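Letters are used for the chains, namely A, B and C, taken in the order the chains are written, and counting of residues starts over at 1 for each.
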Amino acid sequence: MKRNRLLIQKLWFSVLGLSGLIIAIILFALVFFVTTRGFRVINWEFLTAAPKDGMTAGGIFPAIVGTFYLTLLAIAAALPVGVITAIYLNEYADRDSRLVQVSRKAVNALAGIPSVVFGLFGLALFVNFLHFGVSILSGGLTLAIMILPVIIRSSEEALSAVPFSFREASLALGASKWYTIRRAVLPTALPGIFTGAILGIGRVAGETAPIMFTAATFFTGRLPSSIRDEVMALPYHIYGLMTEGTHPEQQAPIAYGTALVLLVLVLGIDLIAIIWRYRSRKMKKW
Amino acid sequence: MKKIIEVKNLNLWFGEKHILKNISLDFESNEISAIIGPSGCGKSTLIRTLNRMNDLIPETRITGGVLLDGQDIRQEHDVVTLRTKVGMVFQRPNPFPKSIFENVAYGLRVQGISNRREIADRVENTLKAAALWDEVKGNLNQNAFQLSGGQQQRLCIARALAVKPEVILFDEPCSALDPISTARIEELLLKLKISYTIIIVTHNMQQAARVADKTAFLLMGEMIEVGATSQIFKQPKDKRTEDYITGRFG
Amino acid sequence: MERHFDLELADLKKTLLTMSAMVEETINRAVSSLEKLSPELAREVISADESIDRIEIAIDDKTFDLIIRHQPLAGDLRLILMAGKIGTELERIADLAVDIAQRTLKLAGQPLIKPLVDIPKLSSLAQQMVRDSIQSFVNLDVTLARSICKRDDEADSLRDAVYRELSEIVRRDGGLADRAIPLILVSRHLERICDHATNIAEDVVFLVEAKFIKHCGK
């Protein structure tokens, strides 16, 4: 009987371990796949020059810059709005009020919308209605809307992880609610909020659909000079290389090289977030 | 001795639950008053009424009054000045995740004091008053969480002292501490009563006996008995008090 | 660590020392009232007793209070319990001084039947024992305390000597009984004072060593 139970326990542990192993294998396979196909094209020129010879040679520098600008704008727009929303939802609003319930459902629904729909929405709102044109501005804002739910949720989590006792201590010293949030709650929640934001960045950096209609161009020889310019971007560049152009067999390796750069970028950003979270967790003892 | 806080016919409900039942009680200046009673008797709620920390709980209803220096704390004091006059130390040490210095300076900054010299002076004096200065003077910039539990609690006391309150409420301040740290805090309380009025809630009767001048016994939201500590523990007037302090129930 | 409790204990000890000084003083006066057959001194002794009684009650109160408030243990507990007992012993000694003063009032107005020899010896022994017992308490001096216990036998034999001498006088002349019996009683009061001093010394030994030495070796 006892032996039997032990056996079942061992069995389940193996199943659990196996699932973990499968995930690790998938990640490893993916990285291996992209790396083996992509690493040959990567050199200094690839990272620092513009494409040339009808996309069959040269580098991807404009796409790297474009992705950088797009994510920067997205996070700059989404972070304040997201954090303020989270503060409202978590600190101020009466939890049972209709506004809170509606906002919270909206945030959840927003997270579930397919990214291509965001792209269409950005096209309609920013590109056409607000006349921002196909530009960094339109694309960045579209991406911002897309990562808003991630930022709101992670900020809310970070805020509610701040012990109530800090708020009590601050209020008991005669601090107002707003002062308490600014000086006692936010500083404590900040590492958590930033980790959420960084993970959000990692996510938008790799999105193709939202920028397809709003910001990205397959080829431009020059770097953007204002946020009203259209730009190249890494994910869209891969898409373009694989679907357009006249020399698919020469373009494919470049696409894999670009994919490798994108992968390293995204995993790198995630790694930063993980390290940051680890360090801030080690710090806190409440 | 003058009355600093007068509680008059205080009733408190959380929603439908009647938590405090018609409590009348005075707290005199420069005395330590202890409130004892079994868990859930309303003793924490009672002192949280005195600095209006119960305002944070929705659906709280209060009748009767609490006077601070003769003025009603809900009508004649705004909550911010009330809380600078009536400080509080909580059950578990809850320093902010900031430096030792910033923890003590927090209340000063709340009051808008920004003169660095003044802040530094008051932080030092306050840490001395809280008997913590000698242990931390070399590393005021250290994170408060690196202190031991007892030191953290004394830091929290310093933080409360910094804004120069008249009254300090202690809500079971030693329940998370070891006996030595507890003894230190008790010694500190006896020193502090020279300059402050102290109200302490404790589930530890011996602690009330050791430090308090006056002791009140609460049971199921009712104040059963209040009197000089030695009288309460030598010859309580009410049988329920005697049963509680002799460990027959509770 | 500094303890507020220690201040209160020091306070208790101080009260006890004040009381013992008053008791020593009252024994002195009682004995000299007898030697000088002075009713005034005797009355002073009797009226001083009230303030000693008050101190005894204050000490009882204080020990009770300390036990309630501090739940003392070990050395603290022994100190508080023994302080209470020593207070009681001192009060009894003061009562015996009053008894001696009352004998003086009986004897005053007529000459002593004989010059006092053993009674002064006994009284100085009693005073010395009381002083030493208090001294041993103050200094927690166990050696001194034990030496007091040994001197108790000396007090017993002095009392017996007084008794023998005076009963001899009474046997010869029954009319002298009125003047002899008070002196016999005085010797007994003084011997009782020595007993109480011995008790104090035994309490001191318990205080220091947590060992009962009373009722041993007798």
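Convention: contacts are C-beta pairs under 8 Å (C-beta built on N, C-alpha and C of every residue); 3 or more make two chains touch, one makes a residue touch a chain.
Values in this document were obtained by computation on a predicted structure and should not be read as measured data.
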Handout entry: Of all other chains, the one whose Cα centre sits farthest from chain C
Key = A
Practice task
When you average C-alpha coordinates per chain, which one falls nearest the overall C-alpha average? Tell me, please.
Solution key: B
Problem - Centre distance in Å when chain A and chain B are each reduced to the mean of their C-alpha atoms - result: 47
Practice task
Report the inter-chain centroid distance for chain A and chain C in whole angstrom, where each centroid is the mean of the CA atoms.
Solution key: 92
Handout entry: chain B, residues touching no fewer than two other chains
Key = none
Completion exercise
Per the touch rule, the chain C residues reaching chain B in their complex are 1-5, 64-65, 68-71
Practice task
Spell out the part of chain A that touches chain B in their complex, as residue ranges.
Solution key: 94, 163, 165-166, 168-176, 179, 183-184, 187-188, 283-286
Completion exercise
Given the complex, residues on chain B that touch chain A span 51, 53, 56, 58, 80-84, 87-88, 90, 92, 94-98, 106-107, 109-111, 143, 145, 156, 159-160, 163
Problem - chain B to chain C touching residues, read off their complex - result: 180, 183-184, 186-187, 190, 206, 209-210, 229-230, 233-234
